[in-house]
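One chain, chain A, appears in both complexes that follow, with chain B as partner in the first and chain C in the second.
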Partner chain A sequence: MSYLDLSISEMKKAIDEGKVTPTSLAKESFERAHKYQKDINSFVTLTEKNALNQLENLDSVEDNPLKGIPYALKDNFSTKGILSTASSNILKDYVPFFNATSVNKLYSKGAILIGKTVLDELAMGGTGTTGHTGPVKNPWDKSRLIGGSSAGSASSVAAGIVPFSIGSDTGDSIRKPAAYGGIVGYKPTYGLVSRFGLFAFASSLDHVGCFTRNVSDVAYVIDAIKGKDEKDMTSLPDDNIKFSEHLDGNVKGKKLFYLKEIVNRDNYKDSMDEELDEILNNFDEIIDKCKNLGMEVEEVDFDKEILKAIFPTYITISCAEATSNNSNLTGIPFGPRSKGKSIDEVMFNSRTEGFSELIKRRFVLGSYILQKENQEKLFLNAGRIRRIIVEKMTELFKEYDGMILPASGSIAPTFRSETIDKLSDRYLLLENHMAIGNFGGFPSITIPCGFVKNMPIGLSITSGVKKDLDVLNIAYALESTMNYKNQIAGGVNDER
Partner chain B sequence: MMNDKYEVTIGLEVHCEVKTNTKMFSPSPNNYNETPNENISEVDMGFPGILPIANMEAVKKSIMMAMALNCKLPNYMYFDRKNYYYPDLPKGYQITQATEPVGVNGYINVYVNDEVKKIDIHDIHLEEDTASLDHYETYSLIDYNRSGIPLLETVTEPCIHSADEALAFLDSLRRIFLYTGISEARTDRGQMRCDVNISLAPKNSEKLGTKVEMKNINSFSNVKDAILYEIKRQSEILDEGGTIIMETRRYDDTTCKTYRMREKVEGVDYKYYVEPNIPPYKITDKLINELREKLPMLQFDRIQKYMKDYELSLYDASILTKNIETALYFEEVISKGIDPKMAANWINTRILGHVNKEEISINDCTFTTDDLVELITYINKGTISSKQAKDVFYKCIDENKKPSVVIKENNMEQITNTDEILSVIKEVINENMELALSYDPKKGRTVDFFVGQIMKKTRGKANPKAAMDLIKEELMKLKDKS
Partner chain C sequence: MISKELLKSYANKLMFDMNDDEYETLAKEFDVILKQMDLIGEIEEIKGVKPMTFPFELDDVEYRNDEDTRTVSYLDALSNAKDIKGREVKVPKVVD
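What follows is the complex of A and B.
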């Protein structure tokens, strides 16, 4: 057993008791990072020099739960003096001169940055296979992907390299890879954590969140990075509530619901397989667990056609915003600049050479969606569907304390999996509902809730805006009924 | 109208930088800086991860300007993205207002020569300026100082029909910016720039002609020359039976001609959509009232008031109201009981003459409103003559002294005391008895002579009118006696 395998609070306790030092924790973290890099490919950059610097100055940091704790950061956060590529060739040499707000906060807390993690190029993708430094593998089974876009942030926590990592979540980019990796992934209420310094993908959907190996660690991390930021107009006013001080697991009398259309076996008659069957069985067990904890669980109907529209709505809005947000990548003010006879040609060539085909496809889509003649039918209609969903969910969250659903209808796919039919009910209903959290800025978590075919599966819990504590408490209580807390891939758990 | 055959139709788009401490969406300073790329931050250069923070000072000033232009205000302040690629646009989009501009359907009245003309405002919107580019043979240089400076764009309806009207509007608009302190509106620093849309159609035609756009004209005189040139150019084409091409042209102030830049592709699609990083900002009644109180009476209304209440000429009223400082100076003087016409004369000739010569603001003029009130009071009391008053004024300026001090030091008080003047009159009649006895009221020369003598003896201090009245009286008495 290594101290690096402990939860954040246990790790901190060990530091305080002199059993381990931040330096030795960081050292071991780097050792694991190097050891697993070839197999899993979690990192774009390992920041040893920067960590040494931090460790040298750690005495000046006020004591707090994250002091001396190693962590990893998705490579789409701006880090002063440290390469920040967003896993794209168009930023492959880009070294920013300013820090993201959340990065500054973590520096001030003395959390030790171990490295910048691989993502799907520019955070656009859900596989973790499209980064410019190669695909990220699932530490539980290297023939499988871990999902994305926060792939490296997920794999580094799942593999036990770091106890927590920072990611971004635009559709389910934290929560899906957390589920595939058997760890906890959290996306707080929109505006709770500043987005300043997060490379924008789709601003109205983008969230900063974290990966940990247990629910209380989420509270420690979010406590450290949340708060009003003068640099982000959408950031929420401070509430001065420390989540970590209010996690009691007391959920008696809480009311939960799930969407019938998502878990209704009748919808998947044609595509039912052993995997999905086990996942749905697992979900039934979760419902029982909830009831055992004293919570009520009800089934709620939701227009299936609208639920099936989540994915197209998400793609429409996110591609449109992404096209605009990434228009700054021209090679002119920063980043690698291609040659060209005129300024226009320089921009044209930089973009042609800098983006992968997949990204260009999204930009073409986004551009098409925003065209004057298509805006009404595509962009604005997507906005309307988004509003219908958000209004309905907001109504439900007035009555219920949370929504539970399986995070996915499958385990992490293998790299050789057949292409998914993106128009099937199974894909549209089971693989995309977590984007509801992004549509409404709802707080949403996934926690590990079992194993299917020796691969971890996750449970999604979502609640209303600013009801982060409800989500965390429900997750905390459920976590205590299961045996997956602090699990690390390839190690500790008997059930595997 | 300079053109009899064709109806000229002009619409203007005027960009004016808003005076604020910081830029529209970043904390970088908003001040004029000759050294390139000093007033910049990651936000102005569109680095990855940046977010806009709307400058509330600029937002408030834009609402104030919308009110000054009699526009309808939206309920919420929204911003939109205008997406296009150009190296002067570091984010690849400009944050502007498209769906809900801060003001729509407004108007202002302006004087074109002596007539009132109503100019309709299509909209006014708040946006950020782009960087400035300098192109050289093999390279271009970018200065991001201008990138992100708050900009108000005022768009008129196509309701302007001559260069004079265009100029009158631009001048009035500039005066509003200055009156309200919303902008310094300095064309020499590129703070106010103008796009001109112009078309010609046969007189009485129902349809407008083909629109030609001239972009980024940076001085009012250039706007005038560009319009006049285009009217001539387009008239000649139409006279010869040619057709006008819809295009964008560039005005060259060295040749005073316009040159074709590019054919205008109908409707470039800027893919506008709502800026997601700036939450809508409610324009409350409280805010509106607060801003309305800050809005001063503008030039046009002041001209009307001066003409109606003070019976000033349009010319005098226009000069007095050119800037708010002069207008306030004038109003302060008359509030102290001075005759408006007299105050206007003094301000428009002496004081503005001095202020303009020295290129200072009337507020920096050492001759205060109190000084003017004092000086005019001396004239009205007959203590000094108008001619003397001029000397007093210049001495006040030169020596930085109060009128009372100058008058005393120079012993300039007029003799208005009748007894004092009468004793002098006695002296001069005795000295010129023969002439006095031959006095003929029908001939003015004798009186003139005696007044001259009186002035000589009093070294110019006798009140000329009093002296004249008294000498006539005394000469008549003498005549009646004899």
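What follows is the complex of A and C.
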């Protein structure tokens, strides 16, 4: 057992008691990062020189729970003077001249940046396999992916390289990889954390959040990075409530619900297998645990056809927004510039050579959606479905304190997995429901809740806008009834 | 199946191109995606609903005055450009 395996608060206590130093923690973190890099590929860049500089100046930082704690950062956050690639060839040499607001806040808290993590190119993907430096592997089983897009941020925490990391979540890009990696993934209420300096994917769905190995640590991280930011007009006013001071696990009397259509076995008769059966059994056990904690749990009906439209709605909105957001990637102000006889030709060639095939496919889809003849049928109708879903969920959250659902209907797929039928109920309902949290900006967490075939599975908990503390408290209470707190993947740390 | 020519026109409007194999893969993918998109049109309830473009109403939006608040130095702004001349980004000649 190393001090680096501890929770943030335990690690801080060990620092305060002189049992370990921030320098030795960072050193061990870098050692693990180097050691596991070949196996799991968490990082695009390791920031040793920068960390050394931070450690030299740590005395000037006011004491706080993150002082001296190592962390990793998704490579789609701007870091001044540090390569920030978004895992894309079109930004492979881009070095920002400013920090994202959340990065500045973490610097001011003295959290030590260990490295920038691999993502699906430009955060557009859910597999962690499309980054320009190669696929990220799951530390629990290297033949499996860890999911994305915040793949390296998830794998670096799951593997025990860092106790926390920062990611972004547009559809479920923090919460799904957290579930596949046996760790906690949190996406707060939209606007709670500034998006300034996060490379925009789909601005109306993008959230900044974090990965940790327990729920208390989420509270410490979000406390450090939340707050109004004049550089992000959509950031929410700070209520100055510290989540970490209000986690008491007192959930007696809280009312939860789950959506019947998502967990109804009848919907999956054709695709039922041992894996899904065990996941749904696990969910039944979770309901019992909730009740044992004194919470009520009710089944709620939701129009299945609307739920099946979540994924196409998400794809429509996100691809359309991404098409516009990424129009600045031209090779002219930054990024590799291709040859051409005119400005148009330079841009055309730079984009053709800089984007991978997958990204181009997403952009073509975005272009199709935004064609005049398709705007009403696709783009505006997707916005209408988004409103129907969000308004129904908002009504439910007036009556209930939270919604619980399995984070996924499967364990982390292998790299060779046959692609699931993308028109099946199993795919459309079970694999994509977490985008509801992005449609409405609802706070949403996944916590580890069991193992199936020796791979971790996760539980999703979501609540109404600005009810972050409810989500965290329900998660905190449930976490205490299970044995998955602070777990580190066995696949990479056999020697420990 | 959607034609390659149509897909190419969508790609070219966004100023990039793909090769023949990539267009073929994309056409197959579009087959599935268009069926998924059909799910959107099948929802009766959408009639008369105002499209949503943001997660929730912000109740504290303050319009700022039209004043300079943050500026970027030209050295910073040019720091990632591949070809610069003085204070400008150099590009191919526009007018002969």
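Quick note on the criterion: the second predicted complex is superposed on the first by the 490 of 496 C-alpha atoms of A that agree within 3 Å, B and C clash if a C-alpha of one lies under 4 Å from a C-alpha of the other, contacts with A are read in each partner's own complex, and residues count from 1 in each chain.
Keep this in mind: a residue touches a chain if its C-beta (ideal position, glycine included) is under 8 Å from a C-beta of that chain, and two chains touch if they have at least 3 such contacts.
Please read these numbers as outputs of a predicted model, since none were measured by experiment.
Asker: Looking at the combined model built on chain A, do chain B and chain C fit side by side or clash?
Answerer: They clash: once the shared chain is superposed, the two partners overlap in space.
Asker: Considering only touches as defined above, state whether A:Gly197 meets chain B (first), chain C (second), both or neither.
Answerer: Only chain B is touched by A:Gly197; chain C is not.
Asker: A:Ile315 in the overlay: touching chain B, chain C, both, or neither? Say first, second, both or neither.
Answerer: second
Asker: In this superposition, which partner touches a larger number of chain A residues, chain B or chain C?
Answerer: Touching more residues of chain A than the other partner does is C.
Asker: For A:Ala382, select first, second, both or neither according to whether it touches chain B, chain C, the two together, or no partner.
Answerer: After superposition on chain A, A:Ala382 lies in contact with chain C alone.
Asker: After superposition on the shared chain, which partner residues are touched by A:Lys19: those of chain B (first), chain C (second), both, or neither?
Answerer: neither
Asker: For A:Lys49, decide between first (touching chain B), second (touching chain C), both and neither.
Answerer: So A:Lys49 meets neither chain B nor chain C here.
Asker: A:Lys231 in the overlay: touching chain B, chain C, both, or neither? Say first, second, both or neither.
Answerer: Both: A:Lys231 reaches chain B and chain C.
Asker: A:Asn328 contacts which: chain B (first), chain C (second), both, neither?
Answerer: first
Asker: Once chain A of both complexes is superposed, is A:Gly441 in touch with chain B (first), chain C (second), both, or neither?
Answerer: In the superposition, A:Gly441 contacts chain C only.
Asker: Which partner does A:Lys255 contact after superposing on A: first (chain B), second (chain C), both, neither?
Answerer: Neither: A:Lys255 stays clear of chain B and chain C.
Asker: Considering each complex separately, which residues of chain A are in contact with chain B in the first and with chain C in the second?
Answerer: In chain A, residues 94, 97-98, 204, 230-231, 233-234, 323, 327, 330, 332-334, 343-344, 347, 367, 371, 379 are touched by chain B and also by chain C.
Asker: Sort out for me which residues of chain B touch chain A in the complex.
Answerer: Against chain A, the touching part of chain B is residues 42, 45-54, 81, 83, 85, 87, 90-93, 140, 142, 144, 267, 269, 271, 273, 276-279.
Asker: If we count contacts the way the header does, which residues on chain A are in touch with chain B in the complex?
Answerer: Residues 76-78, 84, 86, 91, 94, 96-98, 100, 195-200, 203-204, 230-234, 320-321, 323-324, 326-330, 332-334, 343-344, 347, 367, 370-372, 375, 379.
Asker: Can you list the chain C residues touching chain A in their complex?
Answerer: Of all residues in chain C, those touching chain A are 7, 10-11, 13-18, 22, 25-26, 29-30, 32-33, 35-37, 39-43, 45-46, 49-56, 58, 60-61, 69-70, 72, 76-77, 79-83, 89, 91-92, 94.
Asker: Spell out the part of chain A that touches chain C in their complex, as residue ranges.
Answerer: 93-95, 97-98, 190-191, 204-205, 230-231, 233-234, 237, 303, 305-306, 308-309, 311-313, 315-316, 323, 327, 330-337, 340-348, 351-352, 355, 357, 360-361, 363-368, 371, 377-388, 390, 394, 422-423, 428, 438-441, 465
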